[in-house]
Every structure is written in C-alpha cells, then in structure tokens.
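As structure tokens, here come the structures.
Next, two complexes with chain A in common: one pairs it with chain B, the other with chain C.
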Partner chain A sequence: MLPEFTLSRPADIDEVLRELNADVVPYAGGTELLLAMKMGLLVPSGLVDLKRIPALREISASESAIVIGAGATHDEVARHELIQAHAPLLVQVEQNVGNARVRSQGTIGGNLCFAEPRSDLLALLAAFDATVLLRSVRGDRTLAMAEFVLGPYWTDRAEDELLVSVAIPRPCPTGAYVKLQVTERPTVGVAAVRTAAGRCRVVVGSVTEVPLVVAGASWDDIDADGIVAQVEPVSDIAGSAEYKKHITGVYVRRAVALARDGAV
Partner chain B sequence: MSSATGSAAGSTSEIATTVNGAAYRGSVANRTTLAAYLRDELGLKGTKVSCELQVCGVCSVLVDGRPVSSCTYLAADIDGRTVETVEGLATGERMHELQRAFVRNFALQCGFCTPGFLMMSKALLERNPDPTEDEIREYLDGNICRCTGYQPIIAAVLEAAAELRGVGVD
Partner chain C sequence: MTEREHGVVGRSVQRRDLLEKVTGAAVYAVDVEPSGTLHAKVVRSSYAHAQLVRIDAEAALAMPGVVAVVTAEDIKDLFPRFGHIVADHYILATGKVRYYGEPVALVVAETLAAASDAAAQVEVHYSELPAVMSAADALAPSAPLVHDEAFVVSPDESFTAMAATPTADEVLERDNVAHEVTLGWGDVDAALASAHLVVSNEGMKFPMLYAYAMEPYNAVATYTDHQLDVISTAQHPFMVRTDLARIFDLPLSRVRVQVPYLGGGYGSKSYTKVEPLAAVGSWATGRPVKLVLDVEEAIYTTRADSAEVNVRTAFDADGTILARDIEMILDSGAYADNSPLVVAKAANRSFGPYRVPNLRVRGRSVYTNTSPASSYRGFGAPQGSFAGEINLDKAADLLGIDSAELRRRNLVGPGEEILPGKRGLDADLRADLELLVGSLRRDASNAQSSGIGYALTASDAGAFPVSTAHVRLQTDGSVVVLSGSTEMGQGSRSALAQIAAEELGVELIAVSVSQSDTATVAYERTTGASRTTTLTGLALQRACADARAKAADMAAEVFGWPVETIQPAPGGVLGPEEKFVGFGEVIMRWFGAAAGEITGVGLVRRDGATQKMPPFWECGIVGVEVSVEPDTGQVDVRQLVTVADVGFAINPHAVEGQDLGAATQGLGAALFEELVYEGPQLVNPNVVDYRVPRMRDVPAKIDTIIVERRDGIGPYGAKGAGEGALNPMTAAVAIAVGRATGKWPTRVPLTPERVWRLLNDLPDDS
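Up next is the complex of A and B:
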C-alpha cells in the first residue's frame, strides 16, 4: 500500500521548479518511484507529475546534437523518427528495456535520475558522450554522464533540480550493445562504439556501481581481461561474483566483435 | 499554482475519465492504484493483481491505448484519459476476436493471467496488425503464464490477428 502524499500536475517546467524540494519530488512514469514508495524506501510528502508537460517529452535535432526530453518514454524514444534516423543503436536498446509496460510508462529521465546501476541507458549514454541538462530556479547546469552519475542510486542532481533533457552529440556513434538479462534487470550490459573522432570506446554497465569506460585507438587496444580485473561485482540472485566477472569478459568480447563488424 | 484539474493540496484528486466507454467523475485518494480503483471502486474484477512489481503482467490494462501495469499506476493519472480493461473487450454477447481465438486454442487453463495477456495482445495488434511469431513472443515476454506453456497463446494471437485483418479462419 502506498503512503499518503499530495499530487500536483503543473502545466509547465517553471511551475515544477517552484514546487521541488527535498520532500516534494518529480514523478514521471513511476515505475521506480512508486515501487520504492510501496516498499517504504522513499516517503516523499508530495509528487509533482511531469507527464502533462509536453515540452518535457520533445525530441529534436540540431546541427550538433540530438536532444531528448527527460519525460519521453522508452517506447517514444524507440519509435521517434529522428532517433531511428540518427541513433539506431539507441532504438535497439530502448526496444529491449524491461517489458512493454515498463517501456510505455518509464521515461529516459526517470531511468537516469534513479541511477539504478542495472540500467542499459546509463552505459549506452556514457558511450555516446551524452550530457544532461539540469534546471532549477537557480539556473541551468550541463553535466557529462560521468559527472552526473556518482554511484548506485546517487546522482549529482540537487533536490530542487529537474532533469530537462539529454543531449547526444552528432554524429551519434555506431557500434553494438549486448546484455545478459535473466531477471527483470540486466546483469551485465556492454556498449562498444566507434566515436566520431574514430576512437574505439567500450562501456561496461549494470555489473558495476557506475559505468566503466575504456577507450583505445583501435579495437585491439580493448583488453577484455584487463576490464574483468577492474570490475567488482556482488553475488546476488542473478549470479555469483565469479560468474558475473566471467560473463563480463564474454560480453565485452562479443560487443567488440559485433562493433568490429560495424553493427548499427 | 498548478492547473485546476489535478492540483490537490490534500491527499485526493478529482478525476473525470472514461472506462470501457462509460464516463466516470469523482474524487480518488492519490495513493489509490489504478488496479484498486478498477476492482474496488468500479467493481471491475477482471483485472488481477499479483506480483505488484510490474513483472507478471496480470494487472495489464490500456490507458489511451498504451499498456500499463495498473498495480503501479495512480488512479489519479487517468484523469482526462481513456481506460480499457478486459471487461470492455466483448461487444454485448459477442466476444472479441482475441477472446474467441484464446478459447479455440485452449490458450488458458486457470485463467488468472488471461485478462493481462488479452490486453497486452490488444495493445500489440493495435500497433502492429500483422505481427510475426517472434514479435508476439517479444511483446508478451513481460507476462507470465504457469499453465499453458505459452504456445497456445502465441497461436491464438496469430489467429486473432489474421481474423482482424480479414483473412480469418473460422
């Protein structure tokens, strides 16, 4: 059973910013927030619904970046023509988040702000060199993914800040993303992309507390064993630490092999 | 201040909604889930609740045509929106093509997961009237059935899809 709370439905971003504080929090798809509230892990006194703010769901492209509104759902991102045209790897990843209900309820912003380590988007967007735009009544801040995601369930977002959008620099890198997912959340997810500058970048997510980024001039520079030595998984229902280390190596090699062949 | 419709200083919200074609208006506690609203306020018990983690799929309903887990969705959020549940599938005495295909294919035994499978299948066919078997498996992989082994469900959805496209069987 959910605890009691107030609920407001502002019509624009400025209204949201006036309401946010430590106790009154943004509420998007609720796929994480409502669960955490049911379990008593989060007990905000008020929720500010972001779903009725069209500006927060917009997806647009400029010369230099693809900009995705924080309130866009996984399904909306996957089906958007700009994303399909410029970031096919993101389409593929969004189509495989959770299940069809999580994709139609859950938002990209909620995924990033909750910072559950077992997230496909934390890893992929780090591989894309994406930045996040945070806004409060005090002003705007733009952060790189590594500056934003500080640890499990921990971001640099202040309590009065709203994540407005995510920007992916153009041209968006191509490559591959592979994951092992036996429970609801990924156990390990690996992105391997070639950046616009021609660098080879591998990002390991879900198995680590925050995404691990490794780069080199060529795919031969990516040392799978070296990456395995760096990850420190915990044993849980999805597998022992030893097993997770093993599959991390397997998935790094797979992602690199696919990216080498030029997959999306 | 916030927009008139939803703004509530207290712990309730005013809603005006359409469920299975019928209009409802009233006040709901903010903490009421859509599943509880449908079952306890409207008496629509076809929608089931089980895992409450958005994993099993028995609580699936459609809001503005999109599938949601009604166990983890606020009733307050259906304000101004349209809800479809399993009770809305049939037209009078005539069952929906999906329901008839489920019966023909023995796509249910105990029936507990069936409303969820039917609503997810409806959402799928509305966006993709001619899905492949793989696409059906993919879309329904967030719904759990412990009786059928899934094969009859896939067969039923394929058959209903064909029928709805006018290339039907029976």
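Up next is the complex of A and C:
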C-alpha cells in the first residue's frame, strides 16, 4: 500500500519548479512512481501532480523540430496528427507500449525520467537524435538523449529540474523498430533508421543498460555480430543471457532488413 | 428444435449481472465495510523454513491507531487450524514457518495505513531451518520434514479416501509425502514386456500457476457474542462455515458466511483462505475486521500444483493401447489444502478417455517449503494430460498411424466405463473428435513451421453430489430462488433463473435468484468441478416440482378438487374442466389473505440419477494450430477449436464463454505462465512478470462448437462446462508445437526461449 505523502496540484510550470526538491517529486501518470512507492522503493514526502498543466501536454511542430510535452501520454502521442504526419514510426512504437492502461496513463516524460532500461522510447528517441529540455528555477538545459540517460534508473536530471519537453529534429528519420516482448516490458528492442543526413543508424535498447548506438554510411556497415558481441545482457525471468544475445542478433538483422526496404 | 421444446432454457439470455458489472455498480466482498471496521495487515514469514523464536510486537502496538497484534500465542485456546481434508493449516504460524509469505501475525488498526506501517514494525525472530524447495529435494532420503506431526483426516466420506489416514496406534514413518494414490488394474509389466511398441515420455514438467482472479482474497468478519458473520470471497461458503465453526467452537447456525459477487475464482477461492484471519482479528478486538490481500499475498496464498510426470504406453501393431504406466509427483507446497484431492483426481484423469486394459498410476502429493497449492480449474487434469497426450502423438508417429485415428481406435465409447464400477461415459467422444479435427483441418494453413495439435480429456466431474435448492412462489406468481452456489462470473444466476422459469412456466423476468448466504439460502456443498448447472440445477428442478405439488395440494383443498384431477400448467395449475388457477391465486386462497407463499424444496444426494460417481464426465476436446518462428521460438496460435459436449446448453452463449475462457486460461500455462522460485522466494509474484494471456494472444480463428446429445443427468440432459476446455489445452498446444518443430516438448510453458532451445537441442535447465 502507498505510504503517506502530500499532493499538490499546480496549474503552471513555474509553480512546479518552486516545489521540486529531493523529497518532493513530479507525479505524471504514476505508472512507475506509484508502483515504486507501493513497493517501498521510493518514499517521497510530496508529489507534484503534473496532469493539470496543459502546457506540459502540448505537441507542436516548428520548421526544425517536433516538440512533445513531457506530460503527453503514450496514447496522446500516438493519436496526434502531427506525430502521425511526421513521425509514423513513433506512432507505431507508442501503440505497442505495454498495455492499454499504461498507454492511457503513462507519459513520455515519465518513461524517460524513470529511465527503466527496458524502454522502447529510450532507444527510439536516441535513434531520432532527440533532445530533452530540462527546466528549474536556475534556468533551462537542453541535453541529447545520450547525455540525459546515464544508466539504469539514472538520468542527468537534477532533483529540482522538470522535464518540460522532448524535441525530435525534422525531418524525423524513417525506418523500423522491432522488439521481443515476452513479459509486460520489452526484452530486446531495435531501431534502425536512416537519418536526415543519410546515415544508417541502429539503436539497441532494453537488453542493454543504456541504448547502444551504432551507425554507418550504408546498411551493409551495420555488423550484427559485432553488436551482439557488445551487449552484455543479464539472465532473468524474460530469458537467459545466451538467448537475449541471440535475439539481439535476430532483431538487429530484422530491423535493418525492414529499414532497407523503406518501412516507415 | 430444442428451442421449440422449451420456452426459456436453451436460449442465450442476457446475463443477470451484465449491467451491474459493466457499470461498476456490482458489489463485491471487497466493497463491503460495516461501520466501525478495523483494518488488518498480515505480517508474513521472510523465511521458507524456520523456527519461530520470538515475536516482538511492542513497537507495533505503540504506534498510532494500532488496536491489536494477534499471534499464534493469542489464539492457542481456539482450534487454531483449518483444512477440510487435513486440518494442518495453522491460521497463524505456530512453532515454525513453512513457507516464505506464511502469516505470522495479524496487525489490526483503525486504518489500513496504520496497520501496514505497524506490520513493518513487528519484529519476528527466526532460527532458520534447512528448507526443501522442490519435490525432488523433499523426496530425498533424510530430507528435512515440512510437517513433523500428522493430522487426522476429515471423517467426510468424500475425503477419507483421499488422504493417508494415520490411526492413533499406527506409527508412521514421517516423510514429506502429503498423500499418495495408486490406481490400476491388469498386469502392466507383462503387457509392457510383450507389446509391439512401448513409447515413453519422461520428466514432463508442468509449472506452478496462479489462477489470477481479478479480485484478490478478502474478508470482513464480525465476531460478537457467540455469533460470527463473515463476508468473503469464498466459492464454497458452507465449507468455510464448517472451518470457522470449528475454530471458535460455535454452532454452525451461529456462523454466517455471505458471498456477494465474486471477482473470479477458477478454483483458487474454493475452501477456506483468509476468513480465519479476519475472524480471529475480530474475535480479538470485538470489532469488525477487514483483510484484503494484494496480488503478491494472493499468489503466496494459493497456487496450482506443479508436476513432474512420467508416462509409458504399450501398443499393439494396430495402435491398440495395451497398457499405460504413469507416475506423477505434485509439488503441493507447505500445506495439504485440497492437494490430496487434486492428486487423486490427477490420477483418475491421467490416462485419458481411452480403453486401457492394464493400468498402473502412482501419484504423490509432496510437501515442500513453498506456497501451498490447492484447487485450480481442472484439478490435476492438465498436469497428466500434458504428458499423456503428447505420448499418444509420439506413438502415432512411431506406429505410422494418423494421430486422430490412433485416438479413435482407443477412445472409450458412450456408456463404456473409464474407471471400473464408476459411471459409464456420458458422451460421444469419437463424434466430437470428428468435429474437432474437421474444423482444424478445414482451415489449416499447412505452412512451414506450423502445426496442428489436439487433445482429449475426461474428468470425473461434479464432485460429491450434495445440493439443495429452495423456490418461493409469491402471491403475484413471481419466484424467488435460493441457492448456496456462488455466482463467480460463470453465469449461474442466469442459468438457475432460466431453469426455474422453465419449470414453473413463468416469465424469466419474474424470477430472482439469491445465492451464497449460509443464513438464508439453501445448502450447497461446493461451487466447483463444473457442477452448478447439473447438480444445483437438478435440485432446483426438484424444488420446482415440490412447489408445484404443494400448489396442487393447496388448490385441491381450497377448491375441493380431487388432487388427481389437477394438472400442472405454466404459472399455475389446471383443475377439472381445464380451469386455470395461477400460483398467486392458490396462495392467497389458501392463506385467506393477500399474503403467504409456497416454498418448494429440492434435494440431491447420492441416490437415483446421482447414485453413481462421478455425477458426470466432463470432457475436454480442444485443438489448436500454431506457427513457430524458427529464429526466435515465438509461438503464434492461429486457430482454436473447442467442442463443448454439454448434453444440453441451457444458455449457449454462456457455454461458449466458459469454453473460450477455459481455453484461453489453458493457453497461459501452455505458453506464458509460470511461478518461478529462486531460493526461498518467488521471482515473479506479480502480474507484470507473471505473464497471463492478453487479448492479442487470442487466435484469429476461434470455433466454439456445442454438441447437445441430452446425455447428461442434469436438467434437460445437461452436463457441466467450465473446466473441460482448459484440461487438454496444454497438451494440444505442446503437441502443435511439437508438430511445427519436429521435436516433442518436455516442459511448459513454451516460452520463446524454451522453443528456441527445443529447436536447437540446447539444454533447458531454467
């Protein structure tokens, strides 16, 4: 059961920023946070509900980027016309996150800030060269995905910082994302995209502590066996290390084959 | 045709509970909270096996809102155990703990938060003992004993045969075998020695399962001056009442167990679970106490027996079975609960609905320091059929006979005995098999890496036939049905209403059904073994007949008609010259006022139609087509076909729902579900890591075939449904995977990794 905590429901971002500290944390969909609290893994004294801040849920496009508010849920991202028009691969991935409840409650910001390694978005957004915008009373910071995600459940976000939005540079890369999902979370997820600059990029996620990025001038430069040699999975309920390594190779080849054929 | 014969039964009427459940208005036990209720939290063992040295509750008791901390010491003057077969189950661990998660103390407080906080402050000092975490460990010579003492078995006729009964003067050499059954006839060794072919499958492993009822176990108990009221999630309220009465030494009449809607049971809520805990909490504090388990606690409360099975079958050159030799070991966890019955049923169901002239089955239910196993939909049938049915397909290949043909040659025919001296088979399995295989083959893809598998089971179902029902005819001709059978989502409320409406000739809308309150409804032994439609239905038919007869007697009296001239008629009686009088008018005339009622009573026992055991055979007839991805081992189920051999479908839509639900649940064990122990604890006691089937796992083609041959003893020839389609599912899927990969699986669930290992001949020691 949930330990006791205070709950505040600010209406704008500034108010949130004034409240955040080591003990008072953002609360978005709660799909990770509340579970962690029920299990006693996190015991914040206060939660700051982000759900009533419309600005955090906005999705917009500029000449140079698509900007997704951190508070947008997986469903909202998947259904948004801008995303459907400019990032169909993201739509496909969002439609296959977890289960219906997680998609309608969980937010893109919560996914990134929790930094659970078994995440589709960590890998896909890295493939997209996305950046995150962090804000605190001290000011704003923009970080690349690789700078933001430091390890399992570990990001560069300071305790007083709020993730405001994620920006995907335009044109958004196209390609493919494939995953093996035996339990509720992905075991291995692989994105293969062709970037705006014409580079071929493969990102392996979930099976690694942080997404592994490999790139080349052509798809033939992607060495699946080399990637397999680099991943060091742990054996767990979703599979043995041996199997996960094998599957990584299978999915890298599949993703590349799909991306080579165009995919979305 | 059947629709013309009957008015109300045989139709897919709308479920009684539909709107309430869809709108969320339906009340479940978890919703009930009498005023003044205290909340309880269980302090659980953190060891698999340990001596309890001391429980220090002072710090917890000093916390705000805490009213009591109940331990074994506090209840030692009560009868501190429960268990309907062997009363070996301590309400609160006494002397030692036998599994991780076992209740050690109960903290009772003003709020759940206070109880939970305080539970964390109860200090339990243990002295660890060596644990047996698997059946193999438990059976090893000089293994530590899970139970040092033996308890006497319940004197109930239906259970005495089920458990090893230590008599007072018999000195048993103690071991970890909770119960052993042997079953057989003929000379198996001779048949094996002289057979044309002997096919064996060794070490076939079936996993520990969680039934995953959406509503976890919960109860609220109120103990006042010699009266105990409990509202809980019990499938069998009358059985729970017996356990509770014994604990407090109360008359049965002073224990009231009520069960509102049940959020799923699947066997896991049969027999006593959390009711004693809530009850001792209330007894200790004098206030209502509510206890609601979370999913993790529920998983540690009951699971299905895991099993390891060896099977050998001897064949003639033409595929005739000459003998079967089966050995099964069930890991039953720390307490017997219903496992003695499960292993007995597992033995009965292990060799399939085939003619087996020489049979030897040995089944052992073994105590281990794991969470206690008990009933789970299917009762031991899936465990045995997984091994037994693969064995037949393997044999079919070796004999060069089509696997359907091999089964056809050996299937027991209608009326033929499966178990000597028991009821003959009340089904036509050969005809059912044709329907099954016809549907599967018609839509077969015949693609590479795809395969079809089908399997058959016959379960001695219905449990022990003790059922009663009451109907109360009202002055306006409407009808109240009282039954102790629990509505747990299976739709019994609708089926019973249909039967009463049919029998009394009243509109369905005029019938109400009240269920599962030991103080007000009619006695029902259990809600399980797919029995309600058949046995409660039979009792209800008899109650209706009794009410009609009483109405006729009363009409004879008030109208001065000779009783023999009175005929039954829809909604009333026909007197001389076809004069119709409705039930309501009969009642009012007889009582001489616009008041009164007629109560009809229907009783079922081992007599007449229900003399022979089992009351009916519940057959499982299912098949699937799967395709396997060779590089990942992922299995995709493309077709699911079930045949519901139910005699007569009182509510066809509900029958389809039962079969689809059962088959889907069976898909879980076949492909995904497995509770995994690592050391003393489960690695996946939650529904994120314990993967149950989802919508997307349900195959594109589902064919739920219903056959009605009116061959059951239930109303209109009905037999039960509910477990049937689950029982052979694991086998069918494993056979299909075997056909798709060319290798016979030895273990389920067939996770992608297992299938990949199977394909690549890699060891599977996970």
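Things to note:
In the analysis below, the second predicted complex is superposed on the first by the 264 of 264 C-alpha atoms of A that agree within 3 Å, B and C clash if a C-alpha of one lies under 4 Å from a C-alpha of the other, contacts with A are read in each partner's own complex, and residues count from 1 in each chain.
We adopt the following convention: a residue touches a chain if its C-beta (ideal position, glycine included) is under 8 Å from a C-beta of that chain, and two chains touch if they have at least 3 such contacts.
Please read these numbers as outputs of a predicted model, since none were measured by experiment.
Superimposing the complexes on chain A yields a three-chain arrangement in which chain B and chain C clash. Looking at the shared chain after the overlay, A:240 reaches chain C, while chain B stays out of its contact range. When both complexes are overlaid on chain A, the residue A:182 reaches chain C alone and has no touch with chain B. Look at A:250: by the touch rule set out above, it reaches chain C but stays clear of chain B. Among chain B and chain C, the chain that touches a larger number of residues in chain A is B. In the superposition on chain A, A:99 makes contact with both chain B and chain C.
Of the two partner chains placed around the shared chain by superposition, chain B is the only one that A:9 touches, whereas chain C remains out of contact.
By the touch criterion defined above, A:1 reaches both chain B and chain C. Only one segment of chain C in 224-232, 242-250, 656-664 or 674-682 runs into chain B in the superposed model, and that segment is 656-664. On chain A, the surface touched by chain B in one complex and the surface touched by chain C in the other have residues 1, 3-4, 99, 184 in common. On the chain B side of its complex with chain A, the touching residues are 1-3, 5-11, 13, 29-31, 33, 52-55, 57, 60, 66-69, 72-74, 76-77, 120, 123-124, 139-143. Taken together, the chain A residues at the contact with chain C in this complex read 1, 3-4, 99, 180, 182-185, 236-237, 239-240, 243, 246-247, 250.
Those residues of chain A that touch chain B in the complex are listed here as 1-11, 15, 19, 30-31, 34-35, 38, 47, 49, 51-52, 75, 98-102, 104-105, 184.
Per the touch definition, chain C reaches chain A in the complex via residues 112-113, 116-117, 294, 631-632, 634, 672, 676, 683-684, 688-689, 691, 694, 751-753, 756-757, 766.
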